[in-house]
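There are two complexes below, and they share subunit A, which is joined by subunit B in the first and by subunit C in the second.
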Partner chain A sequence: MASERSPLLQVENLRIAFATRRGEVTAVDGVSFAMAPGEVLGVVGESGAGKSLTGAAIIGLLEPPGHIAGGRIVLGGRRIDNLPAPEMRRLRGKEIGAIFQDPLTSLNPLYTVGRQLVETIQVHLGLGAAAARQRALDLLKEVGIPAADRRIDHYPHQFSGGMRQRVVIALALCANPRLIIADEPTTALDVSIQAQIIALLKRLCRDHGMAVMLVTHDMGVIAETADRVAVMYAGRLVEIGPVRDIVRQPRHPYTAGLMGSIPTIGGRRDRLQQIDGAMPRPGAVPPGCAFHPRCRERFARCLDERPNLLPAGGGAAACWLHAPAEAAAVPHG
Partner chain B sequence: MIAFIIRRLCQSVAVMLSVAFIAFALFTYVGDPINNIVGQDTGLREREQLRHQLGLDDPFILQFARFVGHAAEGDFGLSYQYARPVSELIAERLPATLELSLVAAVLALAIGLPVGIYTGLHRYSWLSQLMLTASLVGISLPTFLTCILLILVFAVILGWLPSFGRGSTVALGWWTTGFLTIDGLKALILPAITLGLFQMTLIIRLVRAEMLEVLRTDYIKFARARGLPNRLIHFGHALKNTLVPVITITGLQLGSIIAFAVVTETVFQWPGMGLLIIQAISFADIPVMSAYLVLVAFFFVVINLIVDLLYYAVDPRLRIDRAAASGHGI
Partner chain C sequence: MADRPSATAEPLVEVADLARWFEVSPPFLDRLIERGSRRWLKAVDGVDFAIRRGETFSLVGESGCGKSTIARLVVGLDAPTRGSVRFEGTEIAGRSRDALKRIRRRVQMIFQDPYASLNPRWRVRDIIAEPIRAHRLARGTAAIAERVAELLRQVKLTPADGDKYPHEFSGGQRQRISIARALASAPDFLVCDEPTSALDVSVQAQILNLMKDLQRDLGLTYLFISHNLAVVYHISDRVGVMYLGRLVELTSGEDLFRTPLHPYTRLLIETIPDMAMSGRRREPVGGEVPSPLDPPAGCAFHPRCPFAAARCRREAPALRRHGAGLVACHAVEEGRLPPLAGSRNDDRSAIPIGGARA
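Moving on to the complex of A and B:
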């Protein structure tokens, strides 16, 4: 599944749990994947599937009572999930950048965008005031803010939503991080603006050689942007593989259901397909495969034995249909 | 910006005029002022003469206009009680009250702000819990009780601080100050603590609540994701965002401190306006009462104006939005 080059990011068997009054509730369970330098990995799934939590864990911003309860996160050969807070703080912004969902609330309303850029640049790069401002200006130009030399002294509320998301991206780029966690970066934007922001992200990714972990529930965005896709369900990774393979021929019944529920312009279908039932809440995940109660292709083994990622097509799927023995017995179409 | 100030000034004038009207109405409807001036055995003729002399038989509007005209010059007439110009009485008492209120307000801010920030940042520490519990006491004890407890402990039992009066003062022109003598400073401590205690606890709780709310916002999370140090996030980004409500409440509270120093001044026999007004009320000294009313209203109006201007300094969104709104608003 992973790229053969030395990976930039390795997540191994990550488990995220929440301490509650009734004991620990596991929200993300046994997630493993790797990202190569410069790669765009799309992470999809329903709300509550654990996509955003996985991103927050990587950047070290899980909100208590959530915490990493097991597994490892390795960035560029260095284990980062157990770093002390001050070191993790230095890593954030410098090695790993973040882009949040809502550009309207991501910027401090009381400071000019220039000031917010300059402070971030100075914290990470230790530049003087003039050099930092010049870099801030260059970044604003790079993310496509028109008349950047004037706009740099404007306040966030003077920018439109799309422009603000560009500023947020510039802020994430301040120290040239190797990895960007983009958590639903286009969800809060108009469709026409979404396309621009995605194009911008793609260009920056190419120019800077950054890897981007693109968390979204918009398969369209993924298909357009990502190199590989990871599909999450109920806190588990159910399928991962090259985007073309997964869009054309999903190997996990859940992924197949997801794809089937996307409306196509060419298709003359009256009703969209949907997957019956709902995703289980954390703490109420059934034994065996988490998807089995909703799965049309389930068989005895799915009910009590949890599948790990098994090679399937160009990627891997956590589904017993792809176990060598079962594959022979149950034909899969 | 200028349009905004002019608009606010017009509003202030309207407020002052309505307060002046109420103050003026005191004269007309609270007893007969002539009765207060003359003795019981003064004849009707003499009374009528005095009434005419004082202009009390003029039409209502004329009297009101005269009152406002005089008030604008700081002339509120003679006190019934002291038979001296009210403006003189007030000028004597004003420095005492203003100094006391200022010290109380500074005390409330200087302790309330840091404690509020601390309890907001360290929500679950035992020190925060302790301070919040203590602040609950401060907010629930009535002022007169705090006064008496403080006097009991620090003046009677320990004998460290004076229990009443202002100590020795130094005159700077017409302004008398207690700041320049040790005696005067010592006398300030207890009344200032009493007066500032309630505001202090209010500020603690307000700052804490605002801090907690701001720390949950996306821009604070994003500031963390940018790798900014905690100190910069807490004091650079979070604190400034809590300031608008804090300024509002502090401003209003400063007005209340000045206006409601009455109880504290009475218990500590502080020779300020609060003591003056209590005496004036028991004597039905209407010129003093109405002057006090107008003066307190004036303080409130000025403080509110300053608070509004401070919003502008803090929040850039107001600068643009209001400027744009006033463009077609006026």
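Moving on to the complex of A and C:
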């Protein structure tokens, strides 16, 4: 895997806010991370943690009144968070592809899948009709649509959920983008189909050298797919690191609680580990560490000083337990 | 006829040859002109099981396998096409509302979507008090208020929460309110249809723990419907696996996950993305669940089954006893099924979890 020396994507201190009647509410606050070419970065967190918003901000699809209120997004050395709309439209699809949860909303029900693919290919690659159709056919074959030469002229409703998601993936691949934002790509699918789509995404990532930002609430999917994992809580990045570290030795108490609350087959069957309380809503995030009211390991500093990402294990965690002075006193593991 | 799972004590709920077909025929005139016949979607087609008092019995399967239809049949929200549902020996299926009034108090349901299942215009205390009033379980404002407060405390909310409206609560808290409402009529039997599927994992853990506590404290019996195998493993005493309207395997939770017999059960357990599988490669099984409108002949799973033989394509297997459980598979019956290569538990023990720090 390429190192941090030449990141494909850099997100720096990203802040996303919503204008409401009661003033501006910050939904994503000070999120920074980088992605290497060809890397699969899993982004996990509960509903409302800001993971989908972060993905939408990168691809320029934040819905008003949400907007980028601070920070920078840099793709391949070029700043993209302040691009004018027409330029962002050209970039979207060509440089960044998108896969969303519900394949039906990503496909136009009135056009055959072939027409949608051909149109996308022509817009981004400027190929002739015949060449574009050939590429569409190749893409459908690549994503594993059986009898692609016949299915290319079918409408979205004639495909099953799993096959439709394959079509959406083919659509995202049309212009050979360097980055794909996949927001809950397998959530609407049954488990046996989910496994097929995960395997497909991994293979495509390997074959095309694409980087994938995989946004999901399903730790199982992340554990099997991602190289690195970013954990979000209340709009903040609380931990980022290699997938093995995050799953087996989480360094942030929130990540540890999250892992413990997931039932696993073959595991213990008595009580699940439980994080009492709930994640604060945007606008009601407590001062200091956002997790401190629910944290069993909090101490004085957590209550009024917000922790930044500190090196921990193979990654980094936004937790004062990992500040050099504290780490010696209270080891966490 | 399949072996009925024999219960040691008298079962609380017994389902026999249960079926629910939905008619999906074209309109009468079209049928007349095109000489089409009537068509049926067999959502549930001949299911037998018994639920023992105090246990958690789960039905698991993918979308369209019929598990939610069974939940609705068991609580009497829908009438079966054929077969019977007995509660303490009394037939529920096809009986009138009045005839079921006494049973209705004792059988309650918790739904998947805690946003859709609570009336947004009612205060929480009225939502919870409704079953108490309907079944005349307490009389007088003070007695009812006291019972509502007790129920709210039971689901780890506060009596003051009764003054609020559902929209003031998070998804997990709403599901607690749904549970309090279900408990309001002091039921013996709760049918829970994907009760945690709409919730985040940390909230799911809170609800699953609460359900276990309530079962222990109140002696409840659960029918638990879920597509999530890890959740089913965690909560169930016994599990039935469904595929296209039929049970393919029924056994204890431990056995199902340690030694799954039916090839479909094996596929399910093999394919769920799991935390212990980090960094591994595996080949996913191809194929999709066929349309229930046009199920394959013989064993419905045969087109996806690596062990399918001629008999499987011809003859639907019945649910038969095999070891400690029941399984509907010709390959198992004929001893053609290879033993499972390396169970998940073995894999897991090889992975140090929370080992020494680097």
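Here is the rule we go by: the second predicted complex is superposed on the first by the 329 of 333 C-alpha atoms of A that agree within 3 Å, B and C clash if a C-alpha of one lies under 4 Å from a C-alpha of the other, contacts with A are read in each partner's own complex, and residues count from 1 in each chain.
The rule we apply is simple: a contact is a pair of C-beta atoms (placed from the backbone, for glycine too) under 8 Å apart; a residue touches a chain by one contact, two chains touch by 3 or more.
Quantities reported herein were computed from a predicted structural model and do not represent experimental measurements.
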Please work out whether A:195 is in contact with subunit B alone, subunit C alone, both, or neither, and reply first, second, both or neither. second
Output check: A:92 vs subunit B and subunit C. Expected answer is one of first, second, both, neither. What do you get? first
Pick one for A:247: touches subunit B only (first), subunit C only (second), both, or neither. second
Tell me which partner A:108 touches in the superposition: subunit B (first), subunit C (second), both or neither. first
Is A:158 contacted by the first partner subunit B, the second partner subunit C, both or neither? first
Which touches a greater number of subunit A residues, subunit B or subunit C? C
Give one of first, second, both or neither to describe whether A:223 is in contact with subunit B, with subunit C, with both, or with none. second
Subunit B versus subunit C as contact partner of A:171, first or second or both or neither: first
Of the two partner chains, subunit B (first) and subunit C (second), which one does A:72 touch, if any: first, second, both, or neither? neither
Can you pull the subunit A residues that subunit B and subunit C both touch? none
Subunit C residues within the subunit A interface of the complex: 62-63, 170-173, 200-206, 208-209, 212, 227, 229-231, 233-234, 253, 257-258, 267-269, 271-286, 288-289, 344-345, 348, 351-355, 357-358
So in the complex, which bits of subunit A are touching subunit B? 59, 61, 89-94, 97-98, 100, 102, 105-112, 119-120, 123-124, 155, 157-158, 168, 171-172, 174-175
Help me check something: in the complex, which residues belonging to subunit A touch subunit C? 46-47, 160, 162-163, 190-196, 198-199, 202, 217-221, 223-225, 243-244, 247-249, 257-267, 269, 271-276, 278, 313-314, 331, 333
Tell me, which parts of subunit B touch subunit A in their complex? 217-219, 221-230, 232, 236-237, 240-241, 314-317, 320
